[in-house]
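The same subunit A turns up in both complexes below, where it pairs with subunit B and then with subunit C.
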Partner chain A sequence: MSLRHLLAVTRKEILHIFRDRMTLFLVFLAPALLLFIMAYALSVEIQHIPVAVLDYDRSAVSRSFIQQITAGEDLELHSQVNSIHEINNLLMRGEIKAALVIGPSFGRDLQAMRGIPIQIIIDGTEPQSGGFAMEHISRRAEEFINQSLSTQIEAMGGSSNSIRPIDLRVRTWYNPGLEPKVDLVPGLLSIVLGFPALSVALTISHEREHGTLEQLMATPISRPELLLGKMIPYILVGMVNAILLPVIAIMAFDIPFNGSFLLYFMLTCIFIFAVLSMGIIIGVFMPTQPAALALSFLLIFFPGFFLTGIFFPIAAMPEIVRMESLALPGTHYAIITRGTFLTGVGLDVLWPYGVMLFILGWVFVAIAALFFRKKLG
Partner chain B sequence: MPSGSAIIETHDLVRDFKGTRAVDSLNLSIPGGELFGLVGPDGAGKTTTLRLLAGLLDITSGTAEVMGYDLAKQAETIKPLIGYMAQQFSLYADLSVVENLKFFADLYDVPRSELSERMERLLLFAGLTEFKDRRGGNLSGGMQKKLALACTLIHQPEILLLDEPTTGVDPVSRREFWDILNELHLNGTTILVSTPYMDEADRCSRVGLMYNGRMVVCDSPQHIRSSIKAEVIELKTDDWQTAHDMLKQRPGVMEIQTYGESLHLLVDSAEERLPEIEKALLDQGISYRGVRKATTRMEEAFISLIRQMES
Partner chain C sequence: MWKRIARVNALVIKEFIHLRSDWWLPAFMLIGGAMELLLIGWATSRPITNLPMLVLDQDRSPQSRKLIIALENTETFNLDTQVEDMQTIHDRLERGQINAALIIPPDFDQQLTAADGQAALQLLLNGAESMAATNALRATEGLVRELGLGITLKRLGMEADDLSGFDPSLRVWFNEKLSEALYTTPAELGLMLEFTILLFAALTFSREKELGTLESLLVTPFSSLEIIIGKSIPVILVSFADFLILLAMVHFAFEVPIRGSLPLLLLLTLIYMLAVLGIGLVISIISSNQHQAFLLVMIVGFVDLMFTGYAAPVESMPAFLQLVAQVVPSHHWMAILRGIALKGADLSALWPNVLALVILGLVIGTVSLRFVRRALE
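Moving on to the complex of A and B:
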């Protein structure tokens, strides 16, 4: 390996990056923009879910029940309807996401301390809002019933504590508010930091398309010199992003950072190496830029979203997909970001993931160098 | 390597691409210091031959040696010794002239102490000194070719492989380019150049004509010209279209080529056919300004050889 050859390629590649606005955008602005947009989308909480109510009871009790349920910002009373048919209509038109049906004996049953006849209908085509509405209604209903029972028991001279035999209180660690953004934004870092892998893939197929690769093949440059020389500028770019992007996450989106930043940075550099080497493989195998672009999305970005455990737990995946997710750098990096941002663990816990990324990176580079021949056709 | 012995040598060299044989049993022997021209119609196998010799393609069968090294096994040893220039512009359009030169100087390990002197000399040689900070993509076609040549010369290779270096270049730049090649030739560089231009073939010390992947003729331009059995009659006429249609039916006329207002007729014997043709023109009432026996040029020789192959 000649340092002179390596640096010649690196220098040339840096000039390419800074002289092409599109590349400059792809490697610097796009990751920051992407993180900003996705993090912003995730930090908006679901509020004002439209709900319809069908009240067969029409008693004072049911009215105050409805009032309690629709108080607050979470649910919004869309309308009171008179039949199931109307509910069906509103759901189909998407005007409501959930409906509450109160049985005719609601007031009486509550008074008599019997089972309470209420029904919640949710829109399964949008399970997130629907489930959210269901959760709210059940919690409010429970509160309402407990309250009314307590008042009755106290009125009869008993202690309201007697109806709560178990007092269960859940505490969530590391993300006390269970806010999705706190978990997802560090996870998203693996996607946006991996974005320059696309440029790495494109730079190789660009040279192939423009005939410059033919000229390079005629020179004494070795394959690792060429491939690593092309990677180094993007690793440098990645290091800048590795500092810039968490700052955005922490400052703009209140994401906590509980671990060591130095550890995070070092492990991130290894991750960038691993994900860029995937880009190298794609560039080596794909003959044209459109093909490289398509395969980058197929191999890096879609699996990055869906198979690395950021959005969907890996434990819920079938065995064969789980194996595949282990070959994705993002899977290991998701654990590293959660560890350094949220739980604040150190190298003693995270080292296996760093080692795994290191191995993956070199395996990818080796595959690329092995299949990349200095021959045409 | 002593001048005179073969510096490039191939034996029954074959290269196949999915079902087609691009180079077929090629036997080539080029002594050191020769300026060898490779001609032939499109698809004859010229580019494939040059790519094979540059170590850019795998050999299907046969052998090829460059400076005594086996191309099949020692391609990487050969690469620093040759300068290869691809047919299309294959430098970096977003790098300046100097940046391109320096990049290739680094890849070929040009000693740093000699670098600036060599770059200056090459820029001067290629007439690019005043454009040295211009981006490659903003150069004219001719200047791009000269820059590409400068980049292939930066490591002072003993062998130059040039694939149609003057295609798409204006005549003045073409002449300048060939003046540079002549100078290199005089300095002892072995040059293998492919070209579609017959006047360029005439400037080579030896010419190889390829057809369908085979080397059909390989000789000095003088020998090739005198070897063809046809002779040329040049006819100047205003009514060349009628003349063309009439003459192509005549016995002994093998081929008619049009050059502006004059027609070049390839005939089996000029002495015998010239009076016949004059008579026929008079009989048909086709006026003409002159008809005479002309010397065979490379172009006619080439076309006649190709026609011979095709029939």
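Moving on to the complex of A and C:
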């Protein structure tokens, strides 16, 4: 391998990117832009969910119950309605996401400790707001009922302990509010850093599509030189983003960073190498750019979202899927971002994942080089 | 007129011949779409199980054993009770090896059997995996509530039925079984359709430009309008076929109902497709190569996705973004898709969304048509 050859390929590739200002802009900023968009969507705090109330009781107790349910920013009282029919209409039109029906004997039943006739109706088609409304209404209802029950039990001579014999004290490490964005935004880094890999795949299949790969092969440049030379500019793109992305996460989305930045940066560079190698395999296998794009989705992005443990815990996956996820660079990188952003652990904990990424990267490069030789040899 | 149709027809046939040699993208959109639907359907329909949890039982009493067995029976956890000290718990939490830890105090049994005691349970959660932590919290809370209720009843000398009416009854409309597949698959379907048209449309001109064949197409006697129509028809045909196949899959494999009028849904889908086609063609004409076009599609597609209510409810966004959502076609189309398929809504309920979609379709359609024609000439 000669450095001169390598740099010649790199220079050619850089010229390609710089020739067109829009390409330059998109290649460099796509990861940051996409992180920003996805992180924003994940960090929107669910609130102001419109709810209708149908109060058949109309007593002082039911009014204070409604007040307690709709206090705060989470739920918004859309309207008080007079019939189930109206609730149906509002749900159908999507104007409310949930409704609360209070039965006619609410106040009396609660006083007599006979149970409480309330019903929560939610829109089962809304991915987020329906479930959220249900959880909030039932939690507040439980609080309200417990309050009123314990005053009555105390009046009967019991103590408030008897109604709550177990006190569950919860302490959440690293993410006290259990906000999804705190771990999902660092997790998304592995997805958006896949975009430089998509670019690598596209430029290699670009050469094949245009028939210029044969010309390049006729030059003294060897195949590994060609592949690595094409990779280098995108390693640089990745490294710039490796610095830019945590800055966005920390500044714009309040994500904590508790570990060592240097460690994060080093391990991220190894991840970039591994994921770019995946891009090289794709570029070498696919004859056209649309085809390369297609395979990138199937190999990098879909599994990246679903199988790397960013959203769904790996422990809950079946054995076979768990084995498969080990072959994805994103799985190891998700542990690295969690470790450096949130738990703040050091190299002593994270080194196995760095080594795994390094091995995966070279395995991918080897596969690409082997196949490349066969295809054009 | 007939001549025109014949000419457009010739163009359409040319495009389909291209597709035959470049079948990757349409094939992927079908396979990829099906795969994505299966993956997400599979991932969201499985209960979260097997989460690693440590239990430090300082009591080792009948009551604490009862609690541990009940925890095991939830099947949410993979319990390890062989811990002796807090240090192990802290170490494993820090290394991300466990999602939760439960500490049972030495006086657990004593407090619970006393007439008026309150036992403190401590739950430590690893917030660095928020989804697993949230599930662990819910499972433990539910269990503690159930155990506590049993003890309360015993203390007050009441029967189990006496307090049974205190849970609010819940009704989930339009999704009685609370199936997650009904939340997610229509949204995924919408996402796939959007990306299919965008990618496909984005390819049309950017590919010809990159290969240098656009000039030769422009010197033919075809008018720019004919070229646009000839290029658009295959995009619409293939994407619509794709949508129909995926809709059938969602309906038969995930039991997503189509309660409203199917012809109305298909008609509105076509209008939506024309609006997205317009956006795709504009991307195609402003990009000088396929690489750029693909990256632009990603950014536009993800921005749109934000406003579909899939990732975050639009009601919770700042007022300005709620306004923006009104001019995003996919925002209205998702409301229509959910409304017709899941709620069985008709025009009387959906007319605001339908009206908005039609207006947007007309505006985006004409503006983009003009823009692309001007660019071609």
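Note that in this section the second predicted complex is superposed on the first by the 347 of 377 C-alpha atoms of A that agree within 3 Å, B and C clash if a C-alpha of one lies under 4 Å from a C-alpha of the other, contacts with A are read in each partner's own complex, and residues count from 1 in each chain.
Keep in mind that, in the parts below, a residue touches a chain if its C-beta (ideal position, glycine included) is under 8 Å from a C-beta of that chain, and two chains touch if they have at least 3 such contacts.
Not measured: the values here are computed from a predicted model.
Peer 1: Please tell me, clash or fit, for subunit B and subunit C sharing subunit A in the overlay.
Peer 2: They fit side by side.
Peer 1: Per the contact definition in the header, classify A:342: touching subunit B only (first), subunit C only (second), both, or neither.
Peer 2: A:342 contacts subunit C only, not subunit B.
Peer 1: Once the shared chain is lined up, is A:7 touching subunit B (first), subunit C (second), both, or neither of them?
Peer 2: It touches subunit B, and subunit C stays clear.
Peer 1: See if subunit A has more residues touched by subunit B or by subunit C, and give me that chain.
Peer 2: Counting contacted residues of subunit A, the larger count belongs to C.
Peer 1: Can A:112 be said to touch subunit B (first), subunit C (second), both, or neither?
Peer 2: Neither subunit B nor subunit C is touched by A:112.
Peer 1: Which partner does A:138 reach: the first (subunit B), the second (subunit C), both, or neither?
Peer 2: In the superposition, A:138 contacts subunit C only.
Peer 1: Where does A:359 make contact in the superposed view: on subunit B (first), on subunit C (second), on both, or on neither?
Peer 2: A:359 sits against neither subunit B nor subunit C.
Peer 1: Output check: A:323 vs subunit B and subunit C. Expected answer is one of first, second, both, neither. What do you get?
Peer 2: neither
Peer 1: First (subunit B), second (subunit C), both or neither: which does A:20 touch?
Peer 2: After superposition on chain A, A:20 lies in contact with both partners, subunit B and subunit C.
Peer 1: One more residue to check, A:240. First (subunit B), second (subunit C), both or neither?
Peer 2: neither
Peer 1: Aligned on chain A, what is the least Cα gap between subunit B and subunit C? Give it in whole Å.
Peer 2: Superposition on chain A places subunit B and subunit C at a least C-alpha distance of 11 Å.
Peer 1: Would you tell me the residues on subunit A in contact with subunit B in one complex that are also in contact with subunit C in the other?
Peer 2: Looking at subunit A, the two contact sets intersect at 20, 210.
Peer 1: Sort out for me which residues of subunit A touch subunit C in the complex.
Peer 2: The touching residues are 20, 22-23, 26-27, 30, 33-34, 37-38, 40-42, 44-50, 88-89, 91-94, 97, 109, 113-130, 132, 134, 137-138, 141, 145, 149, 153, 158-159, 161-176, 178-180, 182-184, 195, 198-199, 202-203, 206, 210, 286, 288-291, 293-295, 297-298, 302, 306, 309, 311-313, 315-316, 335, 338-339, 342-343, 345, 349.
Peer 1: In the complex formed with subunit A, which residues of subunit B make contact?
Peer 2: Interface residues on subunit B, with respect to subunit A: 17, 51, 54-58, 75-76, 79-80, 82, 84, 86, 88-95, 99, 102-104, 106-109, 151.
Peer 1: Can you name the residues of subunit C that touch subunit A in the complex?
Peer 2: Those residues of subunit C that touch subunit A are 22, 24-25, 27-29, 31-32, 35-36, 39-40, 43, 46, 48-52, 78, 93-96, 99, 111-112, 115-135, 137, 140-141, 144, 147-148, 151-152, 155-156, 162-166, 168-176, 178, 182-184, 186-187, 199, 203, 207, 211, 287-292, 294-296, 298-299, 302-303, 305-306, 309-313, 315-317, 335, 338-339, 342-343, 345, 349-350, 352.
Peer 1: Taking the touch rule as given, give the residues of subunit A at its contact with subunit B in the complex, in rising order.
Peer 2: Subunit A residues touching subunit B: 2, 4-5, 7-8, 11-12, 15-16, 19-20, 210-212, 214-221, 374-377.
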